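Should a chain be cited, it is by its letter among A, B, C, D, E and F, assigned in written order, with residues numbered from 1 in that chain.
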Amino acid sequence: MIYAFGEVMMRLEAPQYQKLPQASSLLVSYSGTGVNVLSGLSHFGHETAMITKLPNNSLGAAAKSYLQSLGIQTGQSIYGGNTLGLYFLERGFGGRTSTVTYTDRSQSSFCTSQLDEFDLDSLDAASLIHFCGISLAVSAHTRKLTLAVARKAKERGLTISFDCNYRPKLWTNGYAEAQPVYEEMLRLADICFITEADAKLILGFKTTYLHKKEQIGDLLPRVAQTFHIQLIAGTIRAVKSVSEQTLIGFLVKDGSVTYSHMHHLHVLDRIGGGDGFASGVLHGLQTKMPPEEWIEFATSAGVLAHTTVGDSPVSTITDVLRLKQTLDLER
Amino acid sequence: MIYAFGEVMMRLEAPQYQKLPQASSLLVSYSGTGVNVLSGLSHFGHETAMITKLPNNSLGAAAKSYLQSLGIQTGQSIYGGNTLGLYFLERGFGGRTSTVTYTDRSQSSFCTSQLDEFDLDSLDAASLIHFCGISLAVSAHTRKLTLAVARKAKERGLTISFDCNYRPKLWTNGYAEAQPVYEEMLRLADICFITEADAKLILGFKTTYLHKKEQIGDLLPRVAQTFHIQLIAGTIRAVKSVSEQTLIGFLVKDGSVTYSHMHHLHVLDRIGGGDGFASGVLHGLQTKMPPEEWIEFATSAGVLAHTTVGDSPVSTITDVLRLKQTLDLER
Amino acid sequence: MIYAFGEVMMRLEAPQYQKLPQASSLLVSYSGTGVNVLSGLSHFGHETAMITKLPNNSLGAAAKSYLQSLGIQTGQSIYGGNTLGLYFLERGFGGRTSTVTYTDRSQSSFCTSQLDEFDLDSLDAASLIHFCGISLAVSAHTRKLTLAVARKAKERGLTISFDCNYRPKLWTNGYAEAQPVYEEMLRLADICFITEADAKLILGFKTTYLHKKEQIGDLLPRVAQTFHIQLIAGTIRAVKSVSEQTLIGFLVKDGSVTYSHMHHLHVLDRIGGGDGFASGVLHGLQTKMPPEEWIEFATSAGVLAHTTVGDSPVSTITDVLRLKQTLDLER
Amino acid sequence: MIYAFGEVMMRLEAPQYQKLPQASSLLVSYSGTGVNVLSGLSHFGHETAMITKLPNNSLGAAAKSYLQSLGIQTGQSIYGGNTLGLYFLERGFGGRTSTVTYTDRSQSSFCTSQLDEFDLDSLDAASLIHFCGISLAVSAHTRKLTLAVARKAKERGLTISFDCNYRPKLWTNGYAEAQPVYEEMLRLADICFITEADAKLILGFKTTYLHKKEQIGDLLPRVAQTFHIQLIAGTIRAVKSVSEQTLIGFLVKDGSVTYSHMHHLHVLDRIGGGDGFASGVLHGLQTKMPPEEWIEFATSAGVLAHTTVGDSPVSTITDVLRLKQTLDLER
Amino acid sequence: MIYAFGEVMMRLEAPQYQKLPQASSLLVSYSGTGVNVLSGLSHFGHETAMITKLPNNSLGAAAKSYLQSLGIQTGQSIYGGNTLGLYFLERGFGGRTSTVTYTDRSQSSFCTSQLDEFDLDSLDAASLIHFCGISLAVSAHTRKLTLAVARKAKERGLTISFDCNYRPKLWTNGYAEAQPVYEEMLRLADICFITEADAKLILGFKTTYLHKKEQIGDLLPRVAQTFHIQLIAGTIRAVKSVSEQTLIGFLVKDGSVTYSHMHHLHVLDRIGGGDGFASGVLHGLQTKMPPEEWIEFATSAGVLAHTTVGDSPVSTITDVLRLKQTLDLER
Amino acid sequence: MIYAFGEVMMRLEAPQYQKLPQASSLLVSYSGTGVNVLSGLSHFGHETAMITKLPNNSLGAAAKSYLQSLGIQTGQSIYGGNTLGLYFLERGFGGRTSTVTYTDRSQSSFCTSQLDEFDLDSLDAASLIHFCGISLAVSAHTRKLTLAVARKAKERGLTISFDCNYRPKLWTNGYAEAQPVYEEMLRLADICFITEADAKLILGFKTTYLHKKEQIGDLLPRVAQTFHIQLIAGTIRAVKSVSEQTLIGFLVKDGSVTYSHMHHLHVLDRIGGGDGFASGVLHGLQTKMPPEEWIEFATSAGVLAHTTVGDSPVSTITDVLRLKQTLDLER
């Protein structure tokens, strides 16, 4: 059983490339990095459950039903309060970038939840639990809560997976405020999703190399060593336009880096692409794939997550292998 | 020019009688009692403007555009913050009642606005300004703000219109908490939308009569006298089911009560029905209708507001007169 | 083969009981009394074709495809010009009546068509052709055209069916202008859809009876005799509200009147209800039903046409008989 | 844990009261009596799981996701084949009845499944399992399969619930063919949903009483005694029109009958109404309600299932109690 | 009059690039290679009719109405049974390929139809009849039926058109099973849609050439000669991604090959692209186009069929010529 | 305050790349070059109002509401008649071009309006008024009306902006008929949107240069001088396909030309692209931008107008600057 801890949000999307003032209806789904990673894993055949707090009303019922439809169990979550965080998505086109509008979520059921509301004993049912850097950033309260849950999980012997997901807007005092928090979290983590830029900017690592791959090879093994992290994974993304991008995945393990080949992305829905990659990495971990196959699988999973509707990955293993096969044929 | 002061909210409705967990899209509109009353008046040909604070992002732009589409001016509103209050509507059917789910709105742009942000001089452009009891209830902050704006408007010679709209859930300490606040507001009001039940429960008036119309005749002229209110208006509603109801309107003026005939309502969209009636009352006031014609017009306006899509009334004078005519023919 | 002659119009409907200013999309279909009557007959298994002129562009192609989907042949129509008449429908609810908004159609392909454009020889393929009073009213041009086609059809031995469909708005000078035109058409007609009110108001017949059924029994056999009409049919409708009405059908043949029993209508889509009845009458004629069965069938066909989406009847014989059966069970 | 055994079908509904030839899109959901009963129970807070066979392709994945969204576990089902049974729904209006069109489902994954494909040991996890008479009727194969599963479940000590659901079209040789099959099933059943008409027609019981309630009181206790059934439940339905009906529920236990009061139904979606009642009965059983409260709860659950979208009940205990409360207020 | 013989299927498409488990509604249309080829021809102005068997229920009525809307006559088809074959389409995006899910169709009205149910005399009304290789593959029954109809048509002097459309999944024993069947069909055919790969794999022709165009030039004239086929046509497709492809058309006539120029395809809807090409080829045949103009027209028709919604081509001659003109301008 | 004078039209669009015969609903919006230019300006923060005549019915109310939603005031327009011009849009895909179908609009409220119906005194409230060449072309009546309004506006001291927008189909006698009309309008204009091709073809200017930029540099300063125009603006567009194009903007002022850099366009909605550019030019004029910044802003505004839904630009200044910034980053 794989868990994720974090917030579930309502995603409200203006359909058909409309801007919000043009929309008379909004597409609704329920999302969050934890939800997305678990959805990916659930579609790969793993048992998964979300640890969160949902409102005790129609909104909570709707979020719960949606998570279940993705194959994520919700019996381990708690229910109370009346507010769900939400965000509005206006998909861009051509040179017009997509915009995401957040509203205040400090009063959401999750953001006002307390450690002692959660049934920590239920953690024993899982072998791995995933966390996200956004939970560290939303408020001092969620930061403390997240670190506490991670510590409890570590104590109970779960593998700790952590996606840095640094969001500049959420850290009022920037990297200086974030560094000690991230360091504390990284010391708990067994698996970490991080890039060379994070290593430099958040963690203050230095390098004399100029090129991305060189910096990755120099910095990330040192990050792994410093914080005793077994596995680091990440992607290199190049953006040509809203819909045309390239993506390379990498794994850092035992001091060496393994890269996937480069994918040419046609982007249908950008959000959750990184979570698709993360779910592929965790699937490879659970099934003990060899590094080359592992990073190809994970990157293909990430690529497919850009081509399906919604934040949450919904591709099966068959889908991922079919993508790989298509690529092989095309070379 | 007619103003309303209050909050603008996003309404998110599960379409086609779905419950929220069943909905993959939500109908979006922008509403509020002030918006609804002004929409009604704008469709009757009056110049109107909303005095509120909207977020300075896509949500604010969407709300602004929607208000403008109803014929309500938005140049007098202010913009800032990032959060709009919102509510979710699941329309009922048959014995299943409609449900409205509110989330926390204490951090909305309106609910965190300050008196000195508003350009009070712009009040001089209006002859009448409408307030709603919900603004008195949402928080101590909005209560203070609303009373302050009402006082400033009174000072500048505007006619003050006030709809009691008592919402039990919003007054933690019930009628005891509400009474002094309502009394303060009623002393400012020139026109008031109130029922005999409000007079008894909120204001503590006593009556020995048992029947509704007797109580109205006994209590409301005394309310008018006590608080120096020129005009009181309200409705008597009987609910047979979600979709079948009856409605009678009444006006209290110069100590006497004028009733409309009884309408048999087929309800398409219940929310905003009372605001439709209020807009009819204010239209009659502005155009100096004789009481019988006035209350028939206002009640017809209220009835039609139950038969159109959305909270905000969109019927024209022609529509109201056509309803009246149909009724005359059918008698 | 059964023909109808007349205009095809685009129907643009605001969905979900919206008013036109609320609608961001409109439901589109193609209609006309001729289309509707033929659609009904086609669904009863008859071969049908529309004689009209459609624009020679996407609009014409769309109308043609729609008629074909109803089972109406379009090879006998002609194509040219660029304009299709259209109307906008806002469906009412409860006390709010439906409204139909027409725009100018004087320049439509049909309204500017010339007699010699039509291949009159193709009339020989049909045994019956249906006309509508609206074609007599739209303009002096269409009036002349319609009468000319009717005369040609009569000469070629076709049965002439005519639905009076008097539209007050279209006759600038009222009944005085209409009377000679209708009289000319009635002299050509073998079957006529007309009511006792038409007989009095358009044709100037007098009666001393007060009740509807008495007037029908007095006036319509005299109309039949005067104009040598073999069959007159019509309905008695009572309107309780937009959605609740009653309907009785009648046939006048050989001087005597046969009535159907009274139907309680729940109205989904009012337009084309009369055409559904007409198609039932013509089906009974073609299949030589005995009068009682005939008028029951025709009235049931009319009733069903109020319960299906769109102007054009789409019920099969099975559907009509199932309605009758349900009624039998319920008595 | 509560199980149901049976087929999952795709429901394809022509939206907005359209007939199938008018529809350019169809609403899709996944249903079946088992699914519906479990959905009701899941919304009342019970753990539930479906025992069925789903295709091993996108259709199976879609059905699985849908069941999960209703809170029904799918890990106990098996996957294989490529075909899902399906049916088409055209909702009626007024006098026009709804029509359901079935296509051949003999080749569906469920209908071709074999007893030994199912993991019968997993039955031990459940305390109750629900069956439906349709599974007995679809084919000789499913009949045999269903009886075999019921026998195995009985052996393992599960409570057997059985809904007769006699479908005349599916029994080629009528009651004579059905009687021995139903008798065999009833001997296995602990709880049975059956009416006095079933007792007479399928089982051949005789009564001299004429009125429904008398027949229920005479026949159903004898059915219970004959087949050693602890609990019999059913409803009395009177149909005024497609949308207006009345419903009374009853329980037969220990030889005596308890009736609910009569509900006036406004029907939004007829299908699954009986399953809503059944889920209420089973909830009352699990929570040991006293008979009067029990039958009122179950009947309210059935009533609400007529007012929500889709076959599967989605009302919570709160919803059921709110309906009851509304009724109490209205008396 | 041009006929096609074969199955009509319901196409159910998940809208907006959704996967099936994400879709709450499905787009519905009716298709089949015969339908598609006839739709193309009908839009080019030819009279067409489908020879098939459709269910005698709402599904059959819907398919019939849809075919008629495309301009295809349905009076020559027969009606009975209750099942229509269907398939589900999930459109791909970027690297994610489209997937088509078929369910069992062995029990469909067409697949269970008998030769003697069809009115073979009606064949005399047509000058050409089109067949498809899928009908040879679905089952032994449809294979026999299709060959029998082709033989009857040949006897009555119709031109036989045949599209190989080899589907590996449908031939359990592969090419060995297919070869004698295809050979029998090719001996009946006057016009054949086939590629050099089909010649090698199905028919066992050998060539020493390596490049596609060389193989076409070597093999297909020999195929034509061997089976006495007057005209062979086909396309060379290169696939860069789901949406970007190239297409070249070719005609083999009197021993020589004529190629179109190469089109760069932007694919909206891949299915039916080949049928669009086939309809263009048959139009060129009927209108006796010179080979160069012919193959350019046919290839343009094929290209356009990839850019319109649905399987069935809906482009007019004007549309095809406009594409050609645009291309000329762009060179 | 900025005005535009001209026609408002209803735009009816077949959704999802459908052709008109495939569409069962049409997306509805209200448009026109004046509307589009004002919408752009309103989104940049300017007060704007449309001077037109709208029908006095639901259509007029809908158009009015739509304009208001874009931030355009409608109080200066007049109301009467019953007909609104309209056009149908079928969006192309790949090689299939978009098609626009116009119907006769000679009887529209605007096209039959008279000069003396308009309140010319209201012109004094504006500093600038925009006209479009289409108004000069639709009919002799609108031509006369447009020139008369322009003359009146000039007399009252407004800046006259004029977009040539030559439409070949609307000038029966071609350039010869257009030249004197355009010359008359250009003599009134202060700002003109025109290209080198217009200068040659409509106005008969000669040049010996061959390349576009050379011709612009040669011809347009002479046009400016000849007609005393202060500012000329236009774009150079290269079309690779329906969705891929390039765009360069230019300004001609004081005899010299300033170009923007070249934009690579991904086109979502082509119509109104030029109006987006015009609104950017007028915004630069009102805010006195330096030429280089001005033309970059205006061209970016034009580019964005191709990437948003609908004819009318809805981008804010922030949106335009974000596009510019993205471009800067990408260089």
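Operating definition for what follows: contacts are C-beta pairs under 8 Å (C-beta built on N, C-alpha and C of every residue); 3 or more make two chains touch, one makes a residue touch a chain.
None of these values were measured; they are calculated from a predicted model.
Peer 1: Look at the interfaces A-F and C-E and say which one is made up of more C-beta pairs in contact.
Peer 2: A-F
Peer 1: Pick from C-E, D-E or B-C: which pair repeats the contacts of B-D, with over half of them the same residue pairs?
Peer 2: B-C
Peer 1: With chain centres defined as mean CA positions, report which chain is farthest from chain E.
Peer 2: When every chain centre is compared against chain E, the largest gap points to B.
Peer 1: Could you please state the distance in Å, as a whole number, between where the Cα atoms of chain C are centred and where those of chain F are centred?
Peer 2: 45
Peer 1: I'd like to verify one number: the distance from the centre of chain D to the centre of chain F, where each centre is the average of its C-alpha atoms, in whole angstrom.
Peer 2: 63
Peer 1: Please output the residue numbers of chain E that touch at least 2 other chains, ranges allowed.
Peer 2: Each of 19, 21, 24, 61, 65-66, 69 in chain E touches at least two other chains.
Peer 1: Could you pull out which chain B residues touch chain C in their complex?
Peer 2: Going through chain B, the ones touching chain C are 69, 263-268, 303-304, 306-310, 314-315, 319, 322-323, 326-327.
Peer 1: Can you list the residues on chain F that touch chain C in the complex?
Peer 2: 12, 15, 19-21, 23-29, 55, 57-59, 61-62, 64-66, 82-84, 88, 90, 99, 101-104, 106-108
Peer 1: Where on chain F is chain E touching in the complex?
Peer 2: 16-19, 21-22, 92-97, 241, 243
Peer 1: Please name which positions on chain C make contact with chain E in the complex.
Peer 2: It is residues 61, 65-66, 68-71, 316 of chain C that touch chain E.
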